[in-house]
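Okay, so here's the structure we're looking at.
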């Protein structure tokens, strides 16, 4: 079971997709640009709100085995460091406690077989104060060709038409998580989504194309109309930089932060902050003054 | 001796061609497609008959050292799981016992130097109820530039003309196993064959091109006129998926199943079933509803 | 801290950029050309002066922990072997003692935040007898997105305009060290610089493009107008040859020499001499009679 | 010292060029072609004489430390197996004893600084009954950019003009060994040579282009006018096949045979014979009936 490895303090790569994704990050090199470079800003604007960093928390779920009240601790960390906070599966009550920390939160809802539950979750998330909602569409199937079941709840793949209804019901930005194909990205646009997370859900399928390898074709389809986020395997400011330089709007970090949760919100916030300063360091050394000044020609592919 | 490694419960890769073939499988990545995806069907139709899975048994021979009455056990497993069954060298009596299990069987005949033996074997297979016959042409030579001898019987390479005569004698579909070259594939078409198995016979020659790497050029030559099967090194539903996505009609699994034979037909059938559900899982996650909906653009080549 | 690893007798690669750079060197192969080849000359002319070798010392700093009076020992070695000598950070008094060895010296000045200090250092270097000066622009930032501080002195990135002022103040050739981008190279030309050192400062940034991989695009921009030197990871005459064959004017060696400093100037001079004879050996075997006869078609990229 | 490693029974790869050459062999894959294939012939014709195999001995020298009277034992092995025999440095008397075995011998002469010695050696070889002579031009220089000295005798690089004089003096076919560049190949043609050995002299220079990688460009320049042989690192009939399929006229094997010399001529002859049958085996399985029917499209480059 790859999906619920929370609570494991010595997080290991759990799918060969994670290993392949790491190899892809490591195959990308950077050229420096020092002349006329200035101190960079990592200020990040999303849906009209401004944040300190484009390094966001990832939509984790069920962190109680990882740390006491882990989901709230996680939200507190994001709030402290001025990062966009994402949250995965959980009760309405838990979401309310998360939002009470002040975290600017994007709620990711599972693709429940019962669409009424989806609509109810959307309505609650909006009312509770999330500034965006979304769905991780990659949780629809299990590994045996049937529909998935998560904590006993039946899942089901969603059609573009159903997605359009979710978008309309939300009223606030609706984001699809788990896109690894230009085809799915195109359908997200059709359905009126406000954002896409390029992700293989930390290796839910083996031999997945690394998100960063899939990014260029997805960006081509999206054509700048909505933000495109990158998820999976990001462990450093350098990893984040490579995603942003190649066109990602922002990145999500989850697995890398989980082992820190048991040390409290400060430890998690410190790590996000350190990754952000490392990102800033690479920006400075490559002549990039702000996120909008990112330039893909800084990146070179190893061919040796 | 690479050819008769049966009976070894800890089957290892026995030729560098097997290692190279594994590397090639591992170099292929997949992109997911979740939106509008439905529960997939693995139903497979061959020569007018319908099967539960495109994962077929491979044409193994002489399994008595592997498991008691191994050849019949193997056939029983294929029958149980609704898979096409292939059978290699063996006596007429053994073939009849195999067919008595109800296995829908394709009999592969060795390239005997004595064509009369070939014709006799074809006639018996047809009469006994095989729904296709064929020949593993890659057993013609030994590794020293002479003709091979199998269990004391002399072998010989076959001409396109001889192949045509076998095809006509059979009357039922005739399949050539051991094609790794567009040139041989073209000759199979000329001779009127009804199918091709792309295979290096689990590494009979060292440094063999992996079947899946040879597949595109062979498919180009075949032009959709006859089914093209892929053999060698398939160990998972993901491996099978990659073959099918790149255009194979179906795949054969042999070495991977052999160590299970001693645990009985159920163990073998269970493994074929598990590989089929894994295949279905990948189909679901890549938006492929049936074998006829396979799409090669899902596959990406590692270049890092 | 990657920057001041002096004093460590067992110098190890300290950044993955160093490892990547080594891999790149190792990916380049040479073809031999024996017919009509003659004994080669490694004579090297720079800014009107003639040297015995295109293998130069690199601009190291603060070598006192490495060897007693290390900076002067280092200069003595360069003088003995007839190599261009480069010197990094240090006091005016130290520079004068270095020049007293007779070393033909290029002084590299840090990008001090206080330009008055830069101008003062330039003026002193010129007066003291350096035959060129320059700046390592890659020391502007720290790894956290702020300006660097070196031995307590604040640094700052320089604009092309400031660079132009330094060039004019110098009067003698002004060289920019730390260029890894055609963009910075172009700005160096604009500012009137007399030379460029392609370098990632032995891995100051992780995942840096290897200098030799960056060289062709930089040479294209420079168009032969000024010399282009290559720095980082050169450990043999073969490494030097590859740089020169691909268009570098000369190369710098620093880290590779440091462990020898504690054995005295002779040991360092001997190593530069040995690398030069090895370079000559490769020149002879590839039909290159002098540095001006270098030919990039001798070099082949591994693709296997 | 890479050059005289004879006498070492556990021959190891002695230069990274040998390792790189092995990697290149291993990167080449073959496709099988069984239909219409016949029993192949390895008969090989050179300069009007017919041999049993295109696998020739390499021009080794000074084998006395390897085996008692090693040079003569080596010749006896070639004679027994019907292979072309090559011989390197040695006394006139030794050459006569070699020829007395009946070995059809090609004598390779060192590039002596003193051309009179070269002419004298040519004259002796012709008179003694060699059916071709030649020179290993890659022995001209040492690794330090000077001329080489072999067993106290001074060497020197040869001009195309000098080569022409050697060719004319010989009267019998003159072959240049140590070509790794189309440029040298072109000069050999100009000088009237009758053959070329593509070789890096088992790694005399580090990072040498593998001979088989250099072969296509050299064949393009040679345009079929003279035979082109491949040397270095051949250890199997498969290695030989790859060279021949890609256009080599024949191959030389030396280092691989040396450890067998101490077991006598039979052991060496047996190994050449076994490599030849292995070559025949690959020919049979790839539909190649004779050396003149070799087809480069059988070979595929690994790209994974």
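What to note about this one:
Chains: A, B, C and D, in written order; residue numbering restarts at 1 for each.
Criterion: a contact is a pair of C-beta atoms (placed from the backbone, for glycine too) under 8 Å apart; a residue touches a chain by one contact, two chains touch by 3 or more.
These numbers come from a predicted model, not from an experiment.
The chains in contact with subunit A and with subunit B alike: there are none.
Taking shared numbers over all numbers used, the subunit B to subunit D interface scores under half, which places it in the different class.
Centre-to-centre spacing of subunit A and subunit C amounts to 43 Å, using the average Cα coordinate of each chain. Our note on geometry: subunit A versus subunit D, Cα centroid distance of 60 Å, whole angstroms. The multi-chain contact residues of subunit D, meaning those touching 2 or more other chains, are 302.
Pairs of chains meeting the touch criterion are A-B, A-C, B-D, C-D. Residues 26, 28-40, 42, 238, 277-285, 287, 298, 300, 302-304 of subunit C touch subunit D in their complex. The touching residues of subunit D, counted against subunit C in their complex, run 20, 23-24, 27, 137-138, 140-147, 157-160, 163, 178, 180-181, 183-184, 187-188, 200, 204-210, 213-214, 301-302.
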